[in-house]
Amino acid sequence: MKKKLSEIVEIIGGELCGDGEILISGLNRLDMAKEGDLCFAVDGHIEEAKTCAASAVIIPANYVGDFPKTSIKIENPKAAFSKLLEIFVPKIEIPQGVSDKAFVGKNVEIADDATIMPFAYVGDGAKIGNGAIIYPHTFIGHYSSIGEQTIIYSGVTIREYCKIGNRCVIHSSTVIGSDGFGFTTKDGVHTKVPQVGNVIVEDDVEIGANVGIDRAAMGSTVIGHGTKIDNLVHIAHNCKIGANCLIVAQTGISGSTTVGDNVTFGGQVGTVGHIKIGSNSIYAARSGITKNMPENFFGAGFPVQTHSEWLRNQVALQKVPALIKRVVQLEKKISEKEV
Amino acid sequence: MKKKLSEIVEIIGGELCGDGEILISGLNRLDMAKEGDLCFAVDGHIEEAKTCAASAVIIPANYVGDFPKTSIKIENPKAAFSKLLEIFVPKIEIPQGVSDKAFVGKNVEIADDATIMPFAYVGDGAKIGNGAIIYPHTFIGHYSSIGEQTIIYSGVTIREYCKIGNRCVIHSSTVIGSDGFGFTTKDGVHTKVPQVGNVIVEDDVEIGANVGIDRAAMGSTVIGHGTKIDNLVHIAHNCKIGANCLIVAQTGISGSTTVGDNVTFGGQVGTVGHIKIGSNSIYAARSGITKNMPENFFGAGFPVQTHSEWLRNQVALQKVPALIKRVVQLEKKISEKEV
Amino acid sequence: MKKKLSEIVEIIGGELCGDGEILISGLNRLDMAKEGDLCFAVDGHIEEAKTCAASAVIIPANYVGDFPKTSIKIENPKAAFSKLLEIFVPKIEIPQGVSDKAFVGKNVEIADDATIMPFAYVGDGAKIGNGAIIYPHTFIGHYSSIGEQTIIYSGVTIREYCKIGNRCVIHSSTVIGSDGFGFTTKDGVHTKVPQVGNVIVEDDVEIGANVGIDRAAMGSTVIGHGTKIDNLVHIAHNCKIGANCLIVAQTGISGSTTVGDNVTFGGQVGTVGHIKIGSNSIYAARSGITKNMPENFFGAGFPVQTHSEWLRNQVALQKVPALIKRVVQLEKKISEKEV
């Protein structure tokens, strides 16, 4: 896929500054650009653009300075670039409807414009909403439902009786509704507590790859609407995660923990179970949350403290080796005086 | 699925206190209950039950106080509730036998009452025991064996030559028998050390979702009988995990580490490799185990220490910023005296 | 599979010391050996071999001391043992070619001697190189390419437009090319930033099980040639990992981070995003890398410091509780003098 710069200007408009015969074979970021690439630069990135390896750059129309490379000056470089992305990246065609290589159980409701790809398994009594796309090797358990326009990527497991909302995206190899980690121990032998609840994922939730969200022992594990979950996150049984949270990769939320709305967990955060974490809060990466937390909290560290305390402590802890020496000095002086 | 409270009393027995015409449409936990739900409450939860949103509650027959909601008084509320769960939660039917949509290799032994679901792959020479259930999209490698009554959920990979015991449960997307992380490095180039061992999972083991248990370089990686493993756990090659251990989510056990019996690892624990961890021990969440450990140990922190030491240190470390100020004061006073 | 020790000597040569009638039923490590096993021992392991449970041991021809067990003395014990492994471990046969139970899309290029196993899905426009093996339940996305001699194990997802190099090994349930975790937030609502880039995995890369490597928002997430990645690792969008790195299990690399060549990350390491980590460095397990790092660095701790600083600090921090007591003593003495 190659286009002359002059052809590109015909598509997106703008003012061509330089040789329109230049052939563009790809679109790229400034820092990864190579010859044949076209990039875009907004204010704050113009200097970087001047020295990038791209053959041409789309820059803001209002840029007044000298620009040493072939460029297209245009009102909104980013919008123009997005338009080109659609042309340069070939569209993927996924045939609508139910593949004859898929397995569909009894009493399944599949909306007419849903897509079920080869090797997908849809269990008895499941429901697939309008415009939903079920990729290959996905398992939709018995009596589970997938909302409208929701995309389930390859290799996802959604166990029985779970509900996935509308406009959700669930990435590959993620498991929703696996049994919670619940055992009663007698004489050192662990006996499984039946996990008869489910998982409810509300609307507009995105869940990354290789995530595990366990079904409730009873009732539901809930992921609130608009919440976004990164890769390799663990959410244990009976958790209730609020709306519009951001949960970064490798975070683990222990069982029966309730998280409010608009809470951000940085990467590799952990929490104990059976606590309440207030809304509108941010917890820095690696935070270890060991107790109930108020709203509007900016936390860090393990055990968790305010982010400013944590910073202060980090600085102080670096001084401990020197502090020990100072105390030894003081003890020496005191004892001398005592002699 | 709806039943009158009076019908429910006919099923479970007990004394109906209130309107038997109330329609029950679901069973739920006290804290998640809504109208139409029936809940149960045991001692210690009666107060919560009084104000819950459920339409009715099953309470202990011996409860003497006043109870403001419609209730069923019965000897063992939990047992009665479990009985109802079987009625309200429709049973899932999985047809026994080998699906004609599954792939079965050469010289495979499948017990008559085992179940192999669509899109399962069973490699040459594999053995599937009585009552085992192999879900869709599972890969059972060549010459591997699955014990009796064992459930392998969708998307699980069990590589060649591995042995899974009886009555095990392995949750979705878990990988057993992937190659260990073993390389020899010469002039900065890493060359793979062949991983020709296997994994042996003994009886009554449960393994969560997205777990990775690597095959031994030689010999076997072993998971002892009755051990339960949570989601997203990593167990490296040549580890020997004892019996009846509990390994909570996101814990990582490095290669060739031996763990005794009845050891509990909290979430996000890590260990170095080639160490021995004694039996009958508990390691708190986030413990980092860096050396051989005795039996009957209650550990925490990184590097690991006794839990009590760790608590004491945590308290002390919070005081360091103040301590620095106090030492500055002392230095000032001393120097004044010296002048 | 059983062989007399005398038969084994016929195969590998060497000098038989003891009863050639002994039946060998398996090969094993010294520390896991049981009766019927044959082991090998090189210098430094002879003492262990003397007391191991194996029925016989292969030892170096040049060993002069007394050896109490039946043995085979041979020039290169390890080489002889490897030869026997090929005999005792039945070879796995995977029929070459494209299974009629696989799904292959339009305009797919599959080399004649590639292998596509049952239930594999290969999307439109994908390319599979010579000698590549695609296991069951793998998803090869549209327009993605798999290099020569590369092995993709069961349950792997490689999303659209990604490139996997030659001689790579990708273990089960790993996801390459899932959408990066990119959102713009307005009034608390998170809107997805299109992730239109891809992932490029260069030659000779090995990637463990349940790993997630996200596609770039634009351009490419890159894994450099010869790099080896362990299980459950997270690599976020737009990362560039150099050549011949070792990334141990459960490590997480945040978005747009650039890692040089020959960098080793121990287990459970984490990094912030948008930083540069210099080449020829080692970061100990649990390191938390929060800023740009130079080359040739040996780091540990969180926030990361030099490994020696970290060790010194760890020792010092254990002394803080005692230090507090000592300062209290000093304050007492000073105040006494002041009275």
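By letter and in written order, the chains are A, B and C; residue numbering begins at 1 in each of them.
Here is the rule we use: contacts are C-beta pairs under 8 Å (C-beta built on N, C-alpha and C of every residue); 3 or more make two chains touch, one makes a residue touch a chain.
Treat the numbers as computed from the prediction; the structure is a model and nothing was measured.
**Q** Fitting on CA atoms only, what is the rotation between the copies subunit A and subunit B? Please report it in degrees, nearest 5.
**A** Subunit A sits rotated relative to subunit B by 120 degrees.
**Q** Copies subunit B, subunit C: same or different interface, half of numbers shared as the threshold?
**A** Interface between subunit B and subunit C is built from largely different residues.
**Q** Would you mind pulling out the distance in Å between where the CA atoms of subunit B average out and where those of subunit C do?
**A** One centre to the other, that is 24 Å.
**Q** Scan subunit B for residues touching two or more other chains and write them down.
**A** If we look for residues of subunit B contacting two or more partner chains, we find 119, 137, 155, 173, 210, 232, 250, 268, 317, 320, 323, 327, 330, 334, 337.
**Q** In the complex formed with subunit B, which residues of subunit A make contact?
**A** Residues 103, 119, 121, 123-125, 137, 139, 142-143, 155, 157, 159-161, 173-175, 178-179, 181, 183, 188-190, 192, 194, 196, 210-212, 214, 216, 218-220, 232, 234, 236, 238, 250, 252, 254, 268, 270, 272, 288, 302-303, 305, 312-313, 316-317, 319-320, 323, 326-327, 330, 333-334, 337.
**Q** Using the touch definition up top, name the residues of subunit B that touch subunit A in the complex.
**A** Touching subunit A: residues 27-29, 31-32, 82, 85, 89-90, 92-93, 101, 117-119, 135-137, 153-155, 169, 171-173, 206, 208-210, 226, 228, 230-232, 244, 246, 248-250, 261-262, 267-268, 285-286, 314, 317-318, 320-321, 323-324, 327, 330-331, 334, 337-338 of subunit B.
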